[in-house]
Amino acid sequence: MDLAFTPEEQKFREEVRAWVRENLPPEIAHKVHNALHLTREDMQRWAKILGKKGWLGYGWPKQFGGPGWSAVQKHLFEEETALAGAPRIVPFGPVMVAPVIMAFGSPEQQKRFLPGIASGEVWWSQGYSEPGSGSDLASVKCRAEKHGDKYIVNGQKTWTTLAQYGDWIFCLVRTSTEGKPQTGISFLLIDMKSRGVTVRPIIMLDGGHEVNEVFFDNVEVPAENLIGEENKGWTYAKHLLSHERTNIADVNRAKRELERLKRIARSEGMYTDTRFRDEIAKLEVDVVALEMLVLRVLSAEKSGKNPLDIAGLLKIKGSEIQQRYTELMMLAAGPYAVPFVKEAMEAGYQGEFVGAAYLAPLAATYLNMRKTTIYGGSNEVQRNIVAQVVLG
Amino acid sequence: MDFDFSDDQEQLRDAVRKWVDRSYTFERRRAITGAGGFDRAAYGELAELGLAGLYVAEDQGGMAMGPVEAMVVLEELGRGIVLEPLKHTLVTSGVLGAYAPEDVRSAWLPKIASGEALVVLAHQERKGRYRLDVCEAQATPAGAQGWKVSGEKSIVPAGDQADAFLVPAKANGKIALFLVERQAQGVSTRGYPTLEGGRAAELTLRDAPATLVSEEGLTVLEHAVDIGIACTCAEAVGAIDKTMQLTAEYLNTRKQFGVTLSTFQALRHRMADMKMQQELARSMSYYASLKLNAPPEERRRAMARAKYQLGVSMRFVGQNSVQLHGGIGVTDEYAGSHYFRKLTQLELEFGDTLHHLGEVSARMQDTAGVFA
Amino acid sequence: MDLAFTPEEQKFREEVRAWVRENLPPEIAHKVHNALHLTREDMQRWAKILGKKGWLGYGWPKQFGGPGWSAVQKHLFEEETALAGAPRIVPFGPVMVAPVIMAFGSPEQQKRFLPGIASGEVWWSQGYSEPGSGSDLASVKCRAEKHGDKYIVNGQKTWTTLAQYGDWIFCLVRTSTEGKPQTGISFLLIDMKSRGVTVRPIIMLDGGHEVNEVFFDNVEVPAENLIGEENKGWTYAKHLLSHERTNIADVNRAKRELERLKRIARSEGMYTDTRFRDEIAKLEVDVVALEMLVLRVLSAEKSGKNPLDIAGLLKIKGSEIQQRYTELMMLAAGPYAVPFVKEAMEAGYQGEFVGAAYLAPLAATYLNMRKTTIYGGSNEVQRNIVAQVVLG
Amino acid sequence: MDFDFSDDQEQLRDAVRKWVDRSYTFERRRAITGAGGFDRAAYGELAELGLAGLYVAEDQGGMAMGPVEAMVVLEELGRGIVLEPLKHTLVTSGVLGAYAPEDVRSAWLPKIASGEALVVLAHQERKGRYRLDVCEAQATPAGAQGWKVSGEKSIVPAGDQADAFLVPAKANGKIALFLVERQAQGVSTRGYPTLEGGRAAELTLRDAPATLVSEEGLTVLEHAVDIGIACTCAEAVGAIDKTMQLTAEYLNTRKQFGVTLSTFQALRHRMADMKMQQELARSMSYYASLKLNAPPEERRRAMARAKYQLGVSMRFVGQNSVQLHGGIGVTDEYAGSHYFRKLTQLELEFGDTLHHLGEVSARMQDTAGVFA
């Protein structure tokens, strides 16, 4: 048992840190460190910088052009980029659809789609949720009918994150209504520039445009865009859901944001307030405990001994911590969380602030983070899963 | 010991509720938010109902009602998440009536009661947070009866729309309370939208002409804030009630895995916990309103207890309502999310939950209870 | 709307207060104020004092010899006795079985049983729970078979509070196995001196003897001891459960104990500790809010308008508050909660204390109070009930 | 970064677990409690396993093991809620080995390792609560090398059974650490049972002859307490594990309303929340043991974080386990209630949860995390 990383791991960390210091644009880091709005250009710029280095698909094996890192290396990469203020990688391409294409796609599909994902050129969206499905993904209704060498897709997806920027979307579609709901689902890649695809924004409670409804009206999709076999999509989707589990805790972002919380509290005179400081102290213990939990999972993956079946716990605790630091930031602002000036949440805002610039986005971020206990399998669903592990 | 509302109070409630249901629709509210967060016409309609004069004496055109009537009105405005700052009118008219000299009262209270003048409290300063004794604004005598005030006041409700402000400023080293008109020389405002979709402003005073309301500024300010707390508690109860209603309807309608959400025991127990907070909140809102005329020490203690409880309840009900709604709960389109924003803002008004925990702690006595 | 009690109610309160001041033995009040062990004699002594005044059955209507008080008067009586340090009235006779006898007993039964209950002479126990029944009372198995003018009772009751002192016990017994479980239950009064009744102590986690198992082995019970009709016992039991609901919150005891908590905290130097004092402050708000809830229920009962269906909330909050003040008392003691000297928890202990006398029972009381969220319908069952009100 | 146990560590765990399962049955434990809460024979069996010498150097008859081995042992003793104070032996042997002069070490460590001598820390005073810098006991020089100590120490583990005490006392105004033998003149003890069913004592010293262990008493005492915290965390993890196991078995067995309790979603979710606390507790126990050899500042910060988390987890798991068991959970007869008592006491040892929250707060830095 040893808490310290090995010298090799430490060296790896230093290399990543040095590279990030050189390559992360400071104006992007500034936005991340201050929770300012990131544009599509910001996100894609960083994706392409990573792509050029071969690190956008940082979880990919070498055979597909990834770096072939160990679980620990991936964690160190996530930590270094998060602490430096890099944007989170938009996961739909490199983290979500790519592993499915690698595992179940044909060599042609791999050759066709993976390079654009690896380079950050092609923006992918995820078409899973539908109105009425929510936590019950197997109830997918959006249907794809085979006509010759095409599928004709009709239906609707919703909660489609950043689909307004999407070039391609991977969808769960219903290709059969026979048998159990799970058995009639297929996994289809759809070009969003196809005729009949419409994207309608959903404005979130913080006033932001982050998610969308996507409508399919007789959209023609070449049959070669089907991943694997027809009606086996549920299997592939589950593979995707089980992939990349430790980072669902997002503990490295939490460490960065805890630092920011302390800075905000200090500036607002609340860091020396016993009551408020105690709340930060509790959160600090939460973050350390979550990090230990993550490290234990990594250690288990590394050695292959005593696997830890606690993805549900990571999701629950990680999301609760995210909500708590945004809540405490808002409370640190106190009355100054009431002004709600959208323009002041943008980088480069030239107008006057109310109180101080760093206060401007705090309430909006708090509102926005309410989603984290809902999406990716709500925390109630996660508790069902955890209970299943404990009680059978 | 009696918590029934009188027939008159019930009629008052009905009148306000009808106005909200018919005239302050979700669409109108959305339009008001889009147009800046304050609608003088809507405020005028509230005044037409007599509500702006609720605390104003009858001989000055008001209804001379008490805290329970104010509570009834604010519950309904909270249920409709009304943006126009009637509660701030109750705050200012309440203390003007109780502390201002006769000439100030007769100059302003009739106009306040009729809705012609909107007067709001402008006490917050950048360094003050929720402390009432922090005041950098300065007042100096000017001429026979007049004063001039200089300073910066922050997050003034509907500050760029109001007609006058009640402003604490230091006169001879002691906080006094002044009335300053927005159109006067040396007064400038900078308005902006708020978290709930309403409006506030930064207020700058540069030798602005001012009328003295009271030399006992801190005493009056504390009373003003306590009226504000009682109103905020009532408003929160209304917003919580509606939130509960929306959430229960949703759970009883929405299906997942083939059954309605309301069949899941874990969600049912959450609703039971929310119901607990709802009833504790209502109880402490009653308590606040019924203690509003108590002697200052007792009144302040009661308001701290009430606002602490309401803060806990608002946050719990608001956050869990969003959670139980799932995706739809975090969209702007859905009315419930605006209730959540309202509840979030109400927690931050007149002292947040940790602030009032500190007040409760500082004001503890050997005994405790509703009557201690 | 008015928070103040009426002048008549105030006058009533003064009368009760004066009487309690005169009549509550100070040595008993001392024990209550210091959470020391109350003996059977203590409890019965106070019961008889109340009985003599006609106040042991303080909730009884005048026709049965009670004072015929209003809901508010009952509350004021409870408040004055609790704050003065009177023991809680052992409820099984005057609060539980008496209302059933009044509502469903024959005139003969009323004449036979009520006087002994009203005077405090006869100690009653409650025979509801059985091994395996817990929250599911309708599953009662203890059976009573009619043979001529007698019932022969066989079976077992458990969690029978203070049955070691009991003269009589009222029992739910199974008289029929037909139909729904609820329909075959009868309500039977049993003399605990009957042959075949055995009481076995259950020692609680604090080491105290408060509850028992009661075994019935061919116990002969005269048929005249049946309340009402055979197989209708469930109806009578439900009547009992719905009776006397406001005092389940026990808010007046909570006020007294909050005062004690403050005294303990002050003595231990914790009343000026910001962190600990905040915990007391939170509890103080809880207690005030609970009292307001209770007063609202009383007001609704008084006026008959807008009845409040919140007994479940009163039980949940009341029990949580009980647990919290005992927990905070223990935490105020800190390391001095570790010594666990049973004798030092008795009044009249002549030995040395560890630290201070008032510290001796704090941990045991904390342990003991874990029961409050379990008994009388566990808080989980109460949440089911509350949810039923909210969601249908 | 590696959290696997070595084969040696696994063997150590097996050995201790076997002893607990075979030799420290619930019945034996009950008998020990009934007989006063400490059994020298049972303690001797632990020593025979080599555990009393876990922290003692090999040339003094010990096993010279580290904090991870200590953690493994304490987890198992916690799982068996063993009453005998092995962890206090680790505390005293740990600091004696690190700080005591050679002659003290060679006089005492072999006897400690063999189980012949039980030496415990006696640092608590009535006014100290959990503060280590509060010390009223006084030490004065006596003769060539010797000292005399006078004072009162409180809640000393197995205090009337131990052979010697490590006692902080002020020498020339500064806290120093001394060793005092129980049989020496001027030493008296008064033993009593503890919350968990074990034993402690009040200790009175009147000019008791004492051997100086270290002039840097506070430094050594802090280290001693930190060893105690790491041990207590591990002990708690063992007790939590067993509590979880008992609770899961109960829910899967016990029927209400015709179905097993484990079918109720609200109870399942409670178990999920308890599982969360179990894993957070285990994680922070690892953290504590792995930080035990860090520099003092870092070590103290880590122990505060760990004990805070463990305090939260212990209370949550303990209380909810009782609750989920219903009536049976609050009986002495049922093993689970003794785990609850154990967990309750562990929270109070070496600083309770609010105390350590204060420590975490006082020790916060700009950054945070496992490595900060």
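A, B, C and D label the chains in the order they appear, each numbered from 1.
Everything below uses one rule, namely that a residue touches a chain if its C-beta (ideal position, glycine included) is under 8 Å from a C-beta of that chain, and two chains touch if they have at least 3 such contacts.
Because the structure is a prediction, the values reported are computed rather than measured.
Asks: Looking at A-B and B-C, which pair shares more C-beta contacts?
Replies: Taking the two pairs in turn, the one with more contacts turns out to be B-C.
Asks: Please report how many Å separate the Cα centroid of chain C from that of chain D, as a whole number.
Replies: 39
Asks: Measuring centre to centre with CA averages, how many angstrom lie between chain B and chain C?
Replies: Chain centroid spacing, chain B to chain C, equals 42 Å.
Asks: Just how far, in Å, is the C-alpha centre of chain D from the one of chain B?
Replies: 53
Asks: At which residue positions does chain D touch at least two other chains?
Replies: 264-266, 268-269, 357-358 - these are the residues of chain D that touch more than one other chain.
Asks: Can you tell me which residues of chain C touch two or more of the remaining chains?
Replies: Residues 274-275, 278, 380, 383.
Asks: Draw the chains as dots and join the ones that touch; what shape do you get: line, ring, star, complete or other?
Replies: The chain contacts form a complete graph, every chain touching every other.
Asks: Within the complex, which stretch of chain D touches chain B?
Replies: 264-266, 268-269
Asks: Going by the contact rule at the top, pick out the chain A residues touching chain D in the complex.
Replies: Touching chain D from chain A are residues 1-6, 9, 72, 255, 258-259, 262-263, 274, 277-278, 280-282, 284-285, 287-293, 295-296, 298-300, 302-303, 305-306, 310, 312-313, 316-317, 380, 382-384, 386-387, 389-392.
Asks: Could you please specify the touching residues of chain D with respect to chain A in the complex?
Replies: Result: residues 1-6, 9, 68, 244, 248, 251-252, 262, 265, 268-269, 271-273, 275-276, 279-280, 283-284, 286-287, 289-291, 305, 308-309, 357-358, 360-361, 364, 366-372 of chain D touch chain A.
Asks: Which of the residues in chain D come into contact with chain C in the complex?
Replies: 124, 126-127, 129-130, 154-155, 190, 192-195, 197, 200, 202, 255-257, 264, 266-267, 319, 322-323, 326-327, 329-333, 337-338, 340-341, 344-345, 348-349, 352, 354-355, 357-358
Asks: Touching chain D in the complex: which residues of chain C?
Replies: Of all residues in chain C, those touching chain D are 129, 132, 134-136, 158-159, 202-205, 207, 268-269, 275-276, 279, 330-331, 334-342, 352, 354-355, 363, 366-367, 370-371, 373-375, 378-380, 383.
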